[in-house]
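The structures come next, written out as structure tokens.
Across the two complexes that follow, subunit A remains constant while its partner is subunit B and subsequently subunit C.
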Partner chain A sequence: MKMHTKTIHISSVAIFAALLVACSGPQVRYGDAKAVETVNANYGSTDLQMIAEAMTRSLLQSKAISGSKDAPIVTLADVKNKTSEYIDTRVITDKIRTQLTKSGQVRFAVSVSEMQNQTDELKRQNQSGLYKSNTIAKTGNMQGAQYRIEGSIASIVKNTKDVKDVYYVFNLNLINNESGLLEWSDEKEIRKTATR
Partner chain B sequence: MKKYLLSLLAALTLIACSSTPSMKDMTLRTGDTDSIQITDMRSLMRNGVLTAQVTIQNESKSNLVAYRFKWIGKNGMTVTDEEAWKPVTVGKGQTTVIMGIAPTPDASDFRFELNQYK
Partner chain C sequence: MQLIQRTFLASIGLSLVCLAGCASKPPAAVPEQAIVGQVPADPPKNPIISAEALKADSKTIAVTDIYFKKEGKNLIFIEETRHKTNNNVISTITPKSIEVDADKADASALTGGPNSSAFPVKFTNLADPKATAPGTGPIITPVDPGSNSNSASNVETQSQKKSGYESKMEYGELRYLANPIRGLLIKSGYKVVQAKPSTVAPNQGDEYFDIVKRIKAGDFPDANYVLYGVLVEISVVDNIDDIPGTKSSSQQVVLDVTVDFNVVDTQSTQIIASFVASGEGKEVRIDGKDNAFKPSMAKLMKLAAVDLAEDVRKNLAAQNFITNNPGSAGYERNLKRRLDDDTSTLKVYK
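Up next, the complex of A and B:
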């Protein structure tokens, strides 16, 4: 009789412990945003970071930026996604813009996609009649950008039964708005291979 | 007199040599990166911005390694946020040259970081 109760006690404790572990569910942990990501061979965070950093550093060395006395005014134009994947190219150019602004060497003007907010704010200040006239940001005083940044990203994907090889090439250009000349151009190549 | 001068000279050279950090001191390693050797490190001020160049050689089996630079300005303070880790492929016996450009003109020194990635 004693053995029976003992085994019942032990087994019930064991079952309880097993239930606790099973019902604890999946764990959530914060990772390193800068770490290399190798989940699959598609476009990932490491590719975005590598591209943005390479383009920023190269642009800072260009004659148009480093050679000018005052920080030149630049605006962001379109980066075409010529790959078959969904890539948000706006994130790449926003990252480049943030890094360039932090360096203090370049000034940015609002881009086409942000113009609506800019005109709304100006309209509000000038036409609503609510603001003191000497504190209003007047229309007609916006500074035009001297240069614009545009580019494209393309990829070549090759698949076999065992291997998937993806090659990206990101191309970025700095164009003088007035003369239409290409002042700077650079590209970044990335290759990722996934083996099954 | 000669002995005194000789020891003074030795002390001076020691001081001079200790002021510039060695390549080993300028490299921070995390993870298993023992197969990668740093063979050369140099830097230059180009267009007002610090440019660093590190030559690495893979001596044994190719491990997956990633690198990044840490840019240091006045008073040994880091100039910007941590950079992203950049993976580099080095075959066995291969030497590759890694170049880094500082993000701001404030950077006057750099450190080279190596890490292993899965």
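Up next, the complex of A and C:
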């Protein structure tokens, strides 16, 4: 009887310990944001980084940017997503913009998607009557961009029972807003193959 | 005799010593004079400045107010009643005229014009001989003999009506556009003198723009040059456009003024510079249509006048009439000359 009771006690402790371990959830670790991500063949963080880096480097070497006396004013236009996946293309252009701005060789004007905030602010300052006139950011003095950046991302996906092959091509263009001339263009190709 | 000779030789020697002494004497010290607050003149760097030399050097210029010529039209309605008795003709004329804008008159005069309801008469130009030719001109209405004429006493009454418009030209000067231009010429080193105001004669014609006549009449005393401008067009445009990427719209009210300018040398009556300049006064209101925004015309006019002066400056500089921009070395140099020449300028010596 005594032996039986002891066995029950040990079993209870073991079960309790097992439950505690089970309830503690997944472990969280910080990883390297720039580490190569190969979870699956879908568009991922490494693709974003590769595209942004390649495009920024190429754009800074272009004649339109490197040959300009003053840092030209550029605005971001659309990057069209022509793939079957959901890709936030704005993240790509924002990353490129950040790197270009850091270089100091390019200045950016607000893009179309940021215009609502810009007009709201100008309206608030100019039309509310609340601000000192000599401190107001006046309407009509925004600077127009000389160039706009636009492009597209497309993909070709092929599947077999064991293999998935994805080919991405990211194309970016720099267009002179006044002349309409394409001043610079480059592309970045990425191939990813996943096997089971 | 020998004594005289020695005395003569001694006096010559003494004179020579005195002369030599005087020759080596240092010149009298000149008190150092420096003008406080003025920069020494820069050497000419711009070839235009050195070539044109000192075109602006203490030269004077008169700037007229901006001339304009405006077409006006009077609508005229004349009713004439004639009573003919044997050899006597008694005529009674009742003229009526309405002054209207020329464009409105045109619009109303032609059939189906937008103002035809306001001016329902088809008007003809009375000055045009074709328009008043037989068959197109006056409407002669013979009065009913039974009621208005007495055949027994051989009295004939005729009534005729004429309607049309007569053109008239209005000449004058705009008083508010030229001052910024005078200001820029003062900044550029010119002395700007006042011109006598021009007067409009009755039945004035285009000789109103004859600047040489005014120069000879002495309207610009002491001026080396006269800058005069004739208004080409002044217009106000009110546009509303959507702002892409937003829910807002922008209302833009723009006052545009275009003036034809000439600079004339008063001595030779040669045209020194000639150009067309324009100025723009713009008011932008975000979502202005939502609250029926009305811009300040006074503000627009000021902006347009300042912008016009800036365009005049660019054109005068392009034609080498002014040699510099405000703040440049040439500007400083011209300003210094002007200060030096002007006796009324306060100078401080140390």
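As a convention for this text, the second predicted complex is superposed on the first by the 173 of 196 C-alpha atoms of A that agree within 3 Å, B and C clash if a C-alpha of one lies under 4 Å from a C-alpha of the other, contacts with A are read in each partner's own complex, and residues count from 1 in each chain.
Heads up, the rule we're going with is that a residue touches a chain if its C-beta (ideal position, glycine included) is under 8 Å from a C-beta of that chain, and two chains touch if they have at least 3 such contacts.
Since the structure is predicted, the reported quantities are computational estimates derived from the model, not experimental observations.
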item: Simultaneous placement of subunit C and subunit B on subunit A, clash or fit; value: fit
item: Touched partner set for A:Ile10, first subunit B, second subunit C, both or neither; value: neither
item: Contacts of A:Gln99 with subunit B and subunit C, given as first, second, both or neither; value: first
item: From subunit A, separation angle of subunit B and subunit C (C-alpha centres, steps of 10 degrees); value: 110
item: Which superposed partner A:Leu182 touches (first subunit B, second subunit C, both, neither); value: neither
item: Contacts of A:Thr38 with subunit B and subunit C, given as first, second, both or neither; value: first
item: Winner by number of subunit A residues touched, once subunit B and subunit C are compared; value: B
item: Partner chain in contact with A:Thr119 - subunit B first, subunit C second, else both or neither; value: second
item: Subunit B versus subunit C - smallest C-alpha distance in the overlay, whole Å; value: 32
item: Shared subunit A surface residues [contacts with subunit B and with subunit C]; value: none
item: Touching residues on subunit A, where the partner in the complex is subunit B; value: 34-36, 38, 46, 49-50, 53, 56-58, 60-61, 66-67, 99, 102-105
item: Residue ranges of subunit A in contact with subunit C within the complex; value: 111-116, 119-120, 122-123, 126-127, 139-140
item: Of all residues in subunit C, those that touch subunit A in their complex; value: 243-248, 282, 284-287
item: Of subunit B, residues touching subunit A in the complex; value: 46-49, 51, 66, 68, 80, 82-87, 100-105, 117-118
